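Each of the next two complexes has chain A plus one other chain: chain B in the first, chain C in the second.
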Partner chain A sequence: MSTITAPAPPPLAPSPGPSIAERAPKRVISPERVAAASTLLVIVGLAVVAVAESGISLPGMIESWSHAERFFARVGSITFPEPAELLYLTALTVGLVLCGTLLAAVISVPVAYIAASNTTPGPAWRAAGRFITVITRAVPDVVLAMVFVLMFSIGSLPGILAIGIHSIGMISKLFADAIEQIDEGPRMAIRAAGGSKFQQFTSGILPQVLPSWVATVLHRNDINLRGSVVLGYVGVAGLGLEMSYAFKSLNYSLGLGIALVIFALCVAMEIVSSVVRRAMLGIQPSGRGLGDRVVRGVTDARAARSSRRTDAARSGAPTSGPGLASTAASGDLEAALRRPWTGSRVRNTVWGWTAVAVVVGSVLICDIHWGDLVTFWAKVPAIAAQFWPPSFGNYEASTLVAAMGATIGIALAATLLSFAFSVLIGSLAARNVAPNGAVRSSMRLVLVIIRGVPEIILAIVLIVITGLGSQAGTIALAFGGIGLLGKLIADSFEEVASGPERALRAAGATRGQVYASATLPQGRRALLGHSFYLLDSNIRCATILGIVGGGGVGYYLLNAGQGSNYAVVTTIVLMILATVLIVEGLAVWMRRVFR
Partner chain B sequence: MSKASVIEVAGLTKEFGRTVALHDVALGVQPGEIVVLLGLSGSGKSTLLRQLVGLETTTSGSVRVLGEEVPSLGGRRLRALRSRIGFVFQQFELVGSLTVLENVLTGALAGLRGPRLGLWAYPRRLKLVALGHLDRVGLLDRAYQRADTLSGGQQQRVAIARALMQNPEILLADEPVASLDPESSDQVMNLIREIAMEAGLTVVCSLHQVDLALSWADRIVGLRHGEVVLDTSVEGLSKAQVMEVYGRVATSTSELEAITVELAESTQHRTVVG
Partner chain C sequence: MSTRFSRSIVALLGVGALAATLAGCSGTAAAGDSASNDTADTVSYAVDENTIVFGVVPDSVDTETNYQPLMDYIAQETGKKVDYHESTDYAALIEAAVAGKIDVASFSGFTYVTAKNNGAAITPISSIITAEGQEPGYYSQAIVPTGSDITDLAGFKGKKVCFVDPSSTSGYLFPSYNLLNEGIDPETDVTPVFAGKHDVSVTKVGEGVECEAGFAEDSEVAKSDKVTVVAETMVPGAPIVVSDTLPEDLKTTLTDVLSEVTIDDIIASGVKGADSDGFRSVFYATSPVDDAYYDTIRDICEKTNADQCQG
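After this line comes the complex of A and B, so read on.
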């Protein structure tokens, strides 16, 4: 250690007259900022109360673990359906989800077209497009399924339509975002050559956004598969329905078996969609999800083997020297019409036909009663009359409002718990925060594993095993939230400008000081945005939890639906809609104010 | 003052808010002429070219192209006019994820009804024509490659083939070689000139290098701050004379320096490898 000590800095300039404190400008804080900060404080306060109220505690969790042990002792071993039936149910579930996602994928193209600022025919169209994306996202697919089960009585159409309509919002929103970010050049070139608006879209824009569209659709398909379980609780055919029957008839070993199958199915689907993403888009999966990791691991090994081959091929080919004046005979041109079967063309064709086969297979297995699509219109007025006007039915208004409050409480508590753990795990998973690579990798792995667990399945299993309703639901949501929020936090911390961090480190700040003074302040806005995103998603999820026994307004929703009190269903849906829209509005406001 | 002009611009003014991009511009171009629009960046070259195909609205003035008054056109008739004019851009503006051949085929969209996605959606007859144009620009062997796997010079040649697909009467080029290295740049400029001669095309090409303009064009139209300051045949024109015109109109020594530096860039300095 050197012993050089810095001399005390001399006073810069003697300041005559009023002191620095008096001369310094007063800090101005806009009233809007104050209002936003207070609102945020209230929300956090409510979340703290919600966590306290939820009664989640370590001793409690240990106790419920002994519960679980007794439960398993009672249930004995896990059982599965007959192999043939299991296969059919699995195929049906996957087929139904695929059909639904595909429906949404197709509808989302025109919706995104009118919603994107650079393609919309006019402001009114744009508003309509926005309205469709918001409203389809806000109405839970379970509610849609309930309505459609009424209209189509039986079959797979209710599930397909519910998934399809609910998914329009997310797919078209992300698709519209992608359209707004395109390179306008190719489109302008087609315009300059006299192409119509429609041609500009299909030839200049669509090829640019196709990869993002495919990726979004695949991602949504994963989400829909996870969510399809709950649809079973309101009568949509598939694994979910069988599971709900099993639990209702207290056949826990079968119910848990099916839950396990669904779990495995979700993981398998993630891997498949990662493979498809890679094959169809020709890009290395860059995500950090479970599926992407597996695929990357496999393909990296293969790429290493094949790269030597292509290098050799390339060096053999002539690199430049275009003979500009070459004129091929017309026979050569005829020959050139036949597109050579290169590796990539073979691959594309194989994948394309596989996709077609899967879609056709899905439609076949769903055994869609197309006629219903024509006849159901006749039933619409009668059914609409059952749903309108909304009413509280036999319930006191205060009961339903309290239930909605309980749902919001679950969401708030889960979000706060996720937040606490995510900031810790997410920070340590960020390259610029983690003390070393090993910590970062292990934290990333933890996040990947957590994200691989479908939270609804987890909630169902926890509720069944521990017998605790809303507590188990909150824990499941909080756990799932860590996977999502932790990843988002880690990613946005890695994206902050590294300059300020370097500057502080150069000035001798400790690791913790750098984190607190450079990383955190820069990532604050992202942190806020992501947390609101999680809250938003948790409120939708918490509603659904009630349907599987997790408490809150979902319980009343299911009851009202099964008791044919459709006016009550409408009331509850409106309450959910209002809550979701308020949270979304708050999020937009906060992001704007805390820029 | 002459027989039928293919391009006849008079009193053209274009404003973007408070910026006057073009001020009272007059320009007449005869069939088969090869004209260079010369000027510093920001002098209004791109704006003028865009005006010729109605890519932007006109503030005032008249723009007659191929006998049509461009600002008054819209919809189908504007598209019909555009289909007769090829446009080559500085940044090529190909769809990178499509094959080279499909990019060329998009030049024929105006003559087709409805949208086209994928090679199979184009008639065989057009595919043959497109392959012929690709052969003309020396890229037949790249027909089925993705456009973004080509070098800058190759991409610009694909863009030229795309313009040829329109079977154009006029070819407009906006700094077609500003993003290319000297070698590809020469190739592309030669190609444009050869094709123009073969097909009897009228060409208006914007550039910012005096040397290149003098050696390539039949006629030079100089723009400065949105106004035409020079309009003459290159016959007997020397670089010093061009610089002198710009020097005379320069309002400050700093502008004169900028002109000297930018316009006088020798060939090896205009490299911006893309």
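After this line comes the complex of A and C, so read on.
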């Protein structure tokens, strides 16, 4: 081959040709790339305007400091509910969230199966699967809770179903992505040997995707725990509901006490998830694969998966090694036929049964009215009639559209602010950027703590201090966003190829130069993807913050819900749906163009 | 984005964050001083002298707060810009009122009493009515499933009773007060069920399974044919309040503008959008009210010893 292409055409009569710079290979600038870049620029520009418009002013906040002092003086000392009640509420909250997440996980398996390109029965099935994925993600869980409380008994079931249905979107999408990335070998081998579709799935696919699936479910569980606070505001039982009662009756000391418990619970759950992941999957607890799975699943998961697979293989090797050696030595056929009780097998079994016990406990504490699952069908037509057709109610269409615009503005402003701080904190939290281990660990801790504060609690406290309007909502969202985006950025930076970094370092580059010329350029695509994910999640959260007075469409959503103007609720949900779909479309397009 | 540019952004942000922290520290002392000088006599505005901040929390569940024409009318009559904020959270508006962050507000009677108890310097002017000849306010109704053998409040004893939520005026506080008057303790003599919303309370009572009786607001009760009303109490209408710290002449102007204005006045003044069905459905006129109008609520506070009434 080289003999054909290698000889350059002999230089013919050298005419005064173009200079070297002009002849050098250039990157082809496709019009699509230009379009995407300008769209991105417009979005960033809008975000800058939104930040300016959000009314965040340092002098204003400093001026308001006296309110904060007076407010905290009125709060007095923080109080907690009675220990027995607190224990029950905590158990109920955890149980409800676990049940909801598990429900979503179970439903997500078939959805993911039909949505994944390599397992789907046909294109129509695939489209249906993807549709379920998108729609369940975009409908706010507060709206689902609103609907379910009409159909089911008051108590835990509406909350479980709201969490469950809403979580299907994210879980099934990541499940499907995991299925698409499997090694097809085992599955084809089973098919060749005459295995049924079911056998192909259970033996060929499931073992490969299980680690990723477990990580996804645990991650979603963390998100749902934080989200349960919001659901409390629309009447779903647990700590969130008690907190909303306390805040509504101006019992701030109790409200903040419960908020503190929720915060501790969120942090504890994050730690437990990390431990479980390590114990079950052999994943190192560096945080790889927790949050980044969300976006990496969407973007380019192949590299990470293969690295994790080798991780798993490495941790699996020692257990199988001794097993084989001992059977070979004894030559005992009986022993060889039985799977030996190795340390890891014992550990897995114990963990497995603990998990089962936790699930059973969760179901018991939720005190589910199972009969409802049979009787609610009769109520569906009447309720559906209340929601359809959508209407603007007594509002002018322009009022709701303007409110939706305000929500998007808050989300954009918050995303930009989060981005600015996340790049700083996230970079310092990455192993290959941080100057030393202490900085890295402390930054990681900061991120965990930030993630532990549910946005809604922050927004309530901020509103109480700074008054109504989008300022409080924007700051609350931006703060929460740092926790998520900072972590995703740190994880992506740790995953960049280390070659360029080492080359630069070997050439005597300073740490700043290595960061600017090797780490950042390689992590740029991930930055873009993560930021769009944050924008998408902020639009949905901004809606929710509107519920507590953070400005935007959330107020109208809750007000319409309270007044049972469900046709207006439908209208607002459709507007949110359209917005989220547009953002998703933009994100997909940008990721493709900037590949 | 050039890498050098992004690096300088990062550096700038770091500096900014530091500056913000320092400014926050130094600002504490200054703000504390001004707060101590702040007495009821001094004139102050929520934002500045050219802006009126109008805060709204829907009073009854029936309220859709599209008051934009009213805001435009105030802006037109006072010559100032009106900043309009709406929220569903009582606490946020009460704190804003206490902190002097609003100039004019409309919220429930209960919220008014609570804000006063917590030291808000505000005076009620009027209450919005939505139809000609109407009294301000709405009803908290005691309901039972149609055909139930419960015929009065006394019959609620020992039953499963649907309330709305513990902070609801018409869905818990007025009902508690009425039950206490019948010698029934709303916490121990009935099994309280908190439905969370008025329509849910009506639905659950109508089904008669989870709740054998309950309470809700009249507008939601009217939508159901499965419940019967056995008792009702008038809940005082939501006041429009004006901050006491505004200058006298502005207070007088606002009182003149808001105390007895009808939708016809607003339409006649040429405000855009006032002559619409949307506005007509939420606003007919304002009817003057004073502080004494809310004594019923103070009485309820005393009797039920509700959390929200505490100063």
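Note that the second predicted complex is superposed on the first by the 428 of 595 C-alpha atoms of A that agree within 3 Å, B and C clash if a C-alpha of one lies under 4 Å from a C-alpha of the other, contacts with A are read in each partner's own complex, and residues count from 1 in each chain.
The rule we apply is simple: a contact is a pair of C-beta atoms (placed from the backbone, for glycine too) under 8 Å apart; a residue touches a chain by one contact, two chains touch by 3 or more.
Model, not experiment: these values are computed from the prediction.
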Partner chain in contact with A:479 - chain B first, chain C second, else both or neither: neither
First, second, both or neither for A:563, with chain B first and chain C second: second
Residues of chain A touched, compared between chain B and chain C (which is higher): C
Partner chain in contact with A:113 - chain B first, chain C second, else both or neither: neither
Contacts of A:193 with chain B and chain C, given as first, second, both or neither: first
Which superposed partner A:62 touches (first chain B, second chain C, both, neither): second
Touched partner set for A:210, first chain B, second chain C, both or neither: first
Touching residues on chain A, where the partner in the complex is chain B: 185-186, 188-196, 198-199, 201-204, 206-208, 210-211, 322-328, 330, 332-334, 336-337, 339-340, 342, 345
Interface residues, chain B side, partner chain A - complex: 53, 55, 79-87, 89, 91-98, 106-107, 109-110, 112, 114-117, 119, 124, 127-128, 131-132, 135-140, 143-144, 154, 157, 159, 162-163, 166, 187, 190-191
Complex interface listing, chain C residues touching chain A: 3-4, 6-7, 9-10, 13-14, 17, 20, 23-24, 27-28, 30-32, 34-35, 46, 55, 58, 61-66, 68, 85-96, 98-99, 101-102, 114, 118, 165-167, 193-200, 203-204, 209-210, 219-220, 223, 273, 276-278, 281-282, 306-308, 310
Footprint of chain C on chain A - complex, ascending: 58, 61-67, 69-71, 74, 146, 149-150, 153-154, 234-235, 245, 247-251, 393-396, 399, 420-421, 423-424, 427, 460, 463-465, 467-469, 512, 515-517, 520-521, 547-549, 551, 555, 558-565
